[in-house]
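You will see two complexes here that share chain A, one where it goes with chain B and one where it goes with chain C.
This part shows the complex of A and B:
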């Protein structure tokens, strides 16, 4: 039907609309039935059938080795460098801090043009950091720049164009010149940092995409053309940067905002964390929901998941919650094997962000208590 | 239309200016509501597009593998990959050295470990070999309170000249007092280092220990 041929009346259009809706619902039902028939097991069921037992941690196996103190406001986001020992953190005290994780030294303290920052990311080479927030702009800082007369690092590029807040950002792996952002305007954007222009827009008014705020994105480490997004519309979507007009696949299942998405280390799955208190693992090729990670609480009040991260093998899923818990899930057995929130020197507030070091040797958590903490294996390791 | 009397505040009773009819609501114009129609068409387009996407997905789902095969792939991947955060046997590798750095700084001249359990190797207490003979460390119970002094030997070897209260459980002894430059009264109170011999404080005898903290210069003792 063409817009230049408005011969059909509005009433007829509404009738067609109803018919199309019914067709759509029937197709969804058929697709769900097909999916259900293929869901012959979940990961925990499979692992149990193989006789697997859950990971067990001793009392001092995973310990807090460092506390990074310096922010005066809630920490909202963090990211490690590829070279593994520097971290950038963003706080609503209006600063980014670049830390040496080993020494706890603050290498840079960057005053931001807008204090309401929500996300930050390190470039693959570690030369730049990006951040964004309620100003709807993604700001890039070159860490090698000369500071201005006030001692502040200047903004080297501003990526403007989103019509809503920037909730998440990540550099495309191995490309300091490209970055993807997720936004409250329901879109994700691939940017060319050199020109400051949008390369592609994923979703939005005229394209098939999220129908509510995008809260999180994760780029596939095995194939950087593929990324996943999580949204307030309770879905996660998979995108191919070569095809911006529509999502490759939409993943249903969650019953609340999808606050965090993270690719599984093998690149063929991704995890999600949601306001419904569960984490889920989805297969990108089939769309199967392979596992739900849900911890029952005695008071039936399940705290929302704010952020997730996988260990380098994928055996462990770290999930931060609004009540300060940080569960360590055995991804194969779908059991909580440790709660970092109950350990000595744990955070005193909500865990807002998590990140694993590039070599998988440490986990950094950021919290509304203004601190970051680094957790690493502190136990005995029998050497073969 | 009848002329209506002047609206309020317009100088009622002024006979000179002719009164204009007040605007009154009119019925919507008779031309087609294209905005509404266009919106409906747009919504229909979106629905039809969603239908085609679902039809494609339904067709491709015929070739999907069952979930059990995905689970097997995950299991195989996880079991094959080494993970520094897992408490399992593993071969020592270069990457494992980093986590030791992060969790446990090697003993320097201060002979301190940040994470006792990581210190449980001889290498951790290498720097303490001057005043300790350590074939091995045993795990310290208190994190970040690890002192090489605590890590094995009889206390008398650890803090010579000090009282036996030195290097007890929670003692934050950062460096065992090394004679003859320092004379510790108690390792717990005397975080003694060679800053006792501070050349800028000539009044202080060589053997004076910084009582409060070694982070203070000798002059502040």
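This part shows the complex of A and C:
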């Protein structure tokens, strides 16, 4: 604060703050209105006008081919490796289990120092797993290290510094040494694992970041300097890791907590799933909301979306809901083409997480019924 | 009593069975009764009420294997060597060969005597199993299958087992005994769970989780630390180091609050002193203004210290405090002391009630700034308790401990091994950071398996204000802390995952409350308490504090009852006084016992009376 500026009384400052907030809210409203008027149509409208028809799914096109049993508590999070078909899952029973997705074998069962884990991720090389939760610390385990005398894998690094719980984490693609975490303290942090220190903090008390808990993050597969975050403030924000001070763009539209964000395979768009029961697709270049994916329910009670994933071409959007449904949306036509929750062998509880294998041939879903299920494309479809 | 042979029944109803919906009230005396009669008479009446034959479980209320029991079947059931205890009316299945007993449609939940004869026969789908594995002709459930697998029993699809009452099993059609699923105890009577090889099947939950919640400043971290001192392991060197760093960096935080407050007060004081001049008249401290303006007041800091103050406030503004402290603590320690002792700061501190972020402990630590900042500093027990928070990151903290399980009242237990909880029950105390709890409480669902929620409220908060984020997201507003507690309490009670969880309210900081209540009126300070009308017997603060305490407890109890229809358990504490914390935990243990017993409050052979002389079982909160 320079000494040459006129000083204002505290009361005046408060008044100006209130006025500024009011102006801001008005501008936001006008912005939204302008955006909406600029959008002539959404994706589905356009696709229909071009004569596209929805993907058809027969009963054998996507089936549950494996059920991974072993957790004794709700499964909260899962992640695939980039190759070799292994999955790591985190559960309320305080354990991480690394599975071989093909044989259903449990390769590792890691007992966590803090049982309240919310997220887990595999490193790009598949050598380490990271996890975080209510302890506000992101713990890294090296899967090749020797177990201690109790048979437990030791923590190889603890990334501490968050002031709230860790809701989501992801390694930066092709870099075993960096990962990004999203936290209940409203910030996202890029960490350097070798030193255990924060490289950058996105958001926070005095910077323009999220104004509520961050629930999910997703790194752009085509440009790993860009990542998106979804939060309880009903917005999703786009960040550039080189510019930590403010978000590149904020995406409004949802009417409830944004539980999940995932980048579209081509890296120019990303999808979100929210408590308001809808999934939305946003374009990062124009900032527009391209499509809303919402299924009308007879009793008007739309269950919240807990997690989403795109198929490898992006034609399909998988969305897990709190009532155990898992809809497969045709992203172009915004139609539900399949509900995994209605198939045989489906989960008996809420779907809490889902992820697509690196080669796109299988989808894994994790649920509060303590199981994970692997769904594979069968018949003539190998991959969509 | 001759005039009340069956308890509180009216004359025309004597001999008739009671209304099942009133079952829970049986054996629990009403307030009217306890006022009319002496405790001994009341006790006798309640005993008669519980034990008279008309009020017992009737055979037609029990449906076993699809048929209601006849009188002689029921007598056989209750009179056998291993009877099912605490039976409620309902539908059950029974396996005569093995003695397995369970609710219809569910897995077995106990083993009773075998070879009892009932009209109904065990059916294939008695447990609604779908595993294609059969025990004595009943398809077993997924959980039973898992348990068998854990016991290393081979059970591929379509296996039929015979299981005998001593635990031996063999596959149908084969004549060889394969092994034992469970062991029969030698000589000893009873123990319904006598599975030895198979874990977690019929055993009760061993670790009872307790969730400690409360807004910032309510005392949750102090209670947690007291519990650690009372029942837990000693603080490790690492934990002590962690606490030390936390104390050091907190000290800078307190200082910055004071410095910020000082600036504010200085500004206000100077602008007042310069009369009603327009606010944007430039007044620059340090510069020579016009002769009629003054630039100094009691809040002005000397320039050298001001430099440090500006620097510190800048760091806090950018949120970088962690980058400098506690690392630079030793370097700045002498400066901290100087600033603290500076008259300007002391003047600011006198108005600490206006500094909303400054906690009460700030003075305690700032007075010893140099000592705390030295490398050799080792926090004393008192320091640990006074420090804010449990761990530096202030994430979740948990610890396991067991309380001595010997009950204070020997008449609650009789000779046979009826102990509800086996000795050495382990508890796990979980303390979660209060910050940001009202928003997006998604992670609360992770605690749906806790046995009880211990909600802490600081009594002395009734006149304290605190900044909270406005729900519109556009700023912050000043809110009464007691109201904040009330809101959080309501949110938690309403949350679906705590629907069946008992709540224990701990009203903390009674000592500060007692001191304050005479000077700061309860009903004027907090809108929720505006109907507080104490009896004016103001000889001392104590009686007023007592009344106020009961009033606050009743407000919370009424709120809880209006939301859940259940009873709220209340305990009083002065968390810094270890004895009160110990008492609070013992009370929590009793609450857990009552909660378990409440479920099993049905009939079997006449039981020990539940009637307890502890005031807590009546609607009034516990007295000191």
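Note that the second predicted complex is superposed on the first by the 360 of 384 C-alpha atoms of A that agree within 3 Å, B and C clash if a C-alpha of one lies under 4 Å from a C-alpha of the other, contacts with A are read in each partner's own complex, and residues count from 1 in each chain.
Simple rule for what comes next: a contact is a pair of C-beta atoms (placed from the backbone, for glycine too) under 8 Å apart; a residue touches a chain by one contact, two chains touch by 3 or more.
These numbers come from a predicted model, not from an experiment.
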Going by the contact rule set out at the top, does A:253 touch chain B (first), chain C (second), both, or neither? neither
Determine, under the contact definition given at the top, whether A:17 touches first (chain B), second (chain C), both, or neither. both
Based on the superposed arrangement, let me know which partner A:50 touches: chain B (first), chain C (second), both, or neither? first
Of the two partners chain B and chain C, which one touches more residues belonging to chain A? B
Touching A:374, do we find chain B (first), chain C (second), both, or neither? first
Just chain B (first), just chain C (second), both, or neither: which does A:215 touch? second
Return first, second, both or neither, reflecting whether A:349 touches chain B, chain C, both chains, or no partner chain. neither
Kindly classify A:196 by the partners it touches after superposition: chain B alone (first), chain C alone (second), both, or neither? neither
So the chain A residues that chain B and chain C both touch are 3, 6, 10, 17, 21, 24
Footprint of chain A on chain C - complex, ascending: 264, 267-268, 271, 279-284, 286-287, 317-319, 322, 392-396, 398, 432-433, 435-436, 439-440, 442-443, 446, 469, 473-475
Where on chain A is chain B touching in the complex? 1, 3, 6, 10, 13-14, 16-17, 20-21, 23-24, 27-28, 30-31, 34-35, 38-43, 45-47, 50, 52, 55-58, 60-63, 65-66, 84-85, 101-102, 208, 246, 249, 264-266, 268-269, 283, 285-288, 290, 311-316, 331-332, 344-345, 357, 359-363, 374, 376-384
Residues of chain A touching chain C in their complex? 3, 6-10, 12, 17-18, 21, 24-25, 92, 114, 116, 118, 134-137, 160-165, 184-186, 204-207, 211-213, 215, 232-233, 257
Can you tell me which positions in chain B touch chain A when the two form their complex? 32-34, 36-38, 40-41, 43-51, 53-55, 57-58, 61-62, 64-68, 70-75, 77-78, 81-87, 89-92, 95-96, 98-99, 101-105, 114-118, 120, 139, 143
